[in-house]
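Order of writing sets the chain letters: A, B, C and D. Residues in each chain are counted from 1.
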Amino acid sequence: MKRSLEITRDRIDEAALIAQRQLSTEMGAVIYFVGVVRGLEGDVQISAIDYEAFQKMAEHQFQLLFDQMEKRWPIESVRLMHRIGVVKVNEPSLWVEIIAPHRGEAFAACQWLIDEMKRVVPIWKKPV
Amino acid sequence: MKRSLEITRDRIDEAALIAQRQLSTEMGAVIYFVGVVRGLEGDVQISAIDYEAFQKMAEHQFQLLFDQMEKRWPIESVRLMHRIGVVKVNEPSLWVEIIAPHRGEAFAACQWLIDEMKRVVPIWKKPV
Amino acid sequence: MRIAVHFYSYFKELTGCERTSVELPPESRLSDLYQKLITQFPKLAAMEKSTLIAVGVDYQTRDYVLKPGDEVSLFPPVQGG
Amino acid sequence: MRIAVHFYSYFKELTGCERTSVELPPESRLSDLYQKLITQFPKLAAMEKSTLIAVGVDYQTRDYVLKPGDEVSLFPPVQGG
């Protein structure tokens, strides 16, 4: 399984990421999940979220999740980008791409990865 | 719910479609499904798939599915593009975008839409 | 009344026909039309269980009562995506 | 042995501290360290149930036996995405 992981202060350039996509001829399904900062945190209007990461551990925990994904589903490639620092409302904070032979495993793996990320990857948010 | 539907002989330009994305500040989840033509149809190596549609009915059936989606989930926008004619191996034949407040409904609606499409939308494929 | 019939996908090859029309008495049902089509295109019979039938742009069951002007489409299971 | 401790997210505000270190006898467990930290930073106590603890880059349970050089991190539930 090919892996690409970036926890970064840079903006997520979806078009550039898609332009770099590589998939073998046996792959039939590509899924993207884009997590976007919402303008309401609970009842409170916010303008941005300031993301903090324990970066070394976050990277390690993502790799552990990728290890499990690889055992569980026939995924050809996973690419994940998570922004840290201030991300404005309406901007993507998370971008995930899963490439698999069929959509069933692609959807299952993508949802699982995000659920698990929210459980174990040390990233926190502070509304701004 | 905003809708955009295109059943077309044109190539799917993902970057252009993403550049046109509009989402309100309450939206937190964007999902893309890209269906790509695989090089094997059963056991047989193929070079492309020739898609045929009963176009008027296909458009109507997609709209009926969008009607149901709208009743069932708080989706802000759905955009769908399906190619017809010859689509080469490794090229996208289907592109779906779902925008919703949270990922749960976005994933559920996207999977449901594709499952239902494969049940009711009159499009057929012929390996080339 | 004369009912227009369209075939899609490999039903075109099976019947050797894209479009035909069938003369039916008033109040005929889709099942009556289907029986006539099977007589005319016997290879359709083998596909009976999986054949989908639409009138205009909507699916209809075999007990649908045909009206003058209806356009009927017959096709195999769909495979979009 | 002296064990380095890092706080993340609002635990930094709760403790008023990003990084500290705690002197512990050999063979001490994470639970021993945690008790010392609560004495030093009483506001941590209210968060006990939801506090996550890592040694290095891996989560550990409270019965983990500390070794010299271990770097311990304490933080609230994670919220990526």
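Throughout what follows, a contact is a pair of C-beta atoms (placed from the backbone, for glycine too) under 8 Å apart; a residue touches a chain by one contact, two chains touch by 3 or more.
None of these values were measured; they are calculated from a predicted model.
K.L.:
So, comparing C-alpha centroids, which chain is the farthest one from subunit C?
P.N.:
D
K.L.:
Measure off the straight-line distance from the CA centroid of subunit B to the CA centroid of subunit D, and report it in whole Å.
P.N.:
Chain centroid spacing, subunit B to subunit D, equals 48 Å.
K.L.:
How far is the middle of subunit A from the middle of subunit B, if each middle is the mean of its Cα atoms, in Å?
P.N.:
Chain centres of subunit A and subunit B, defined by C-alpha means, are spaced 22 Å apart.
K.L.:
Rounded to the nearest whole Å, what is the centre-to-centre distance of subunit C and subunit D, using the mean of the C-alpha atoms as each centre?
P.N.:
Averaging C-alpha atoms per chain gives centres 72 Å apart.
K.L.:
Need the CA-centroid distance for the pair subunit B / subunit C, whole Å please.
P.N.:
28
K.L.:
Multi-chain contacts in subunit C: which residues touch at least two other chains?
P.N.:
none
K.L.:
Give me the residue numbers in subunit B that touch at least two other chains, ranges are fine.
P.N.:
Touching at least two other chains: 35, 114.
K.L.:
Based on which chains touch which, is the overall arrangement a line, ring, star, complete graph, or other?
P.N.:
Looks like a simple chain-to-chain line, open at both ends.
K.L.:
Sort out which chains touch which and give me every pair.
P.N.:
All chain pairs meeting the touch criterion are A-B, A-D, B-C.
K.L.:
What residues on subunit B touch subunit A, complex-wise?
P.N.:
14-15, 18-19, 23, 25-40, 89-90, 92, 101, 103, 107, 110-111, 114
K.L.:
Taking the touch rule as given, give the residues of subunit D at its contact with subunit A in the complex, in rising order.
P.N.:
Contact set of subunit D toward subunit A: 6, 8-10, 52, 54, 56-59, 73, 75-76, 78-81.
K.L.:
Which residues of subunit A touch subunit D in the complex?
P.N.:
Those residues of subunit A that touch subunit D are 35, 51-54, 56-61, 82, 93-94, 114, 117-126.
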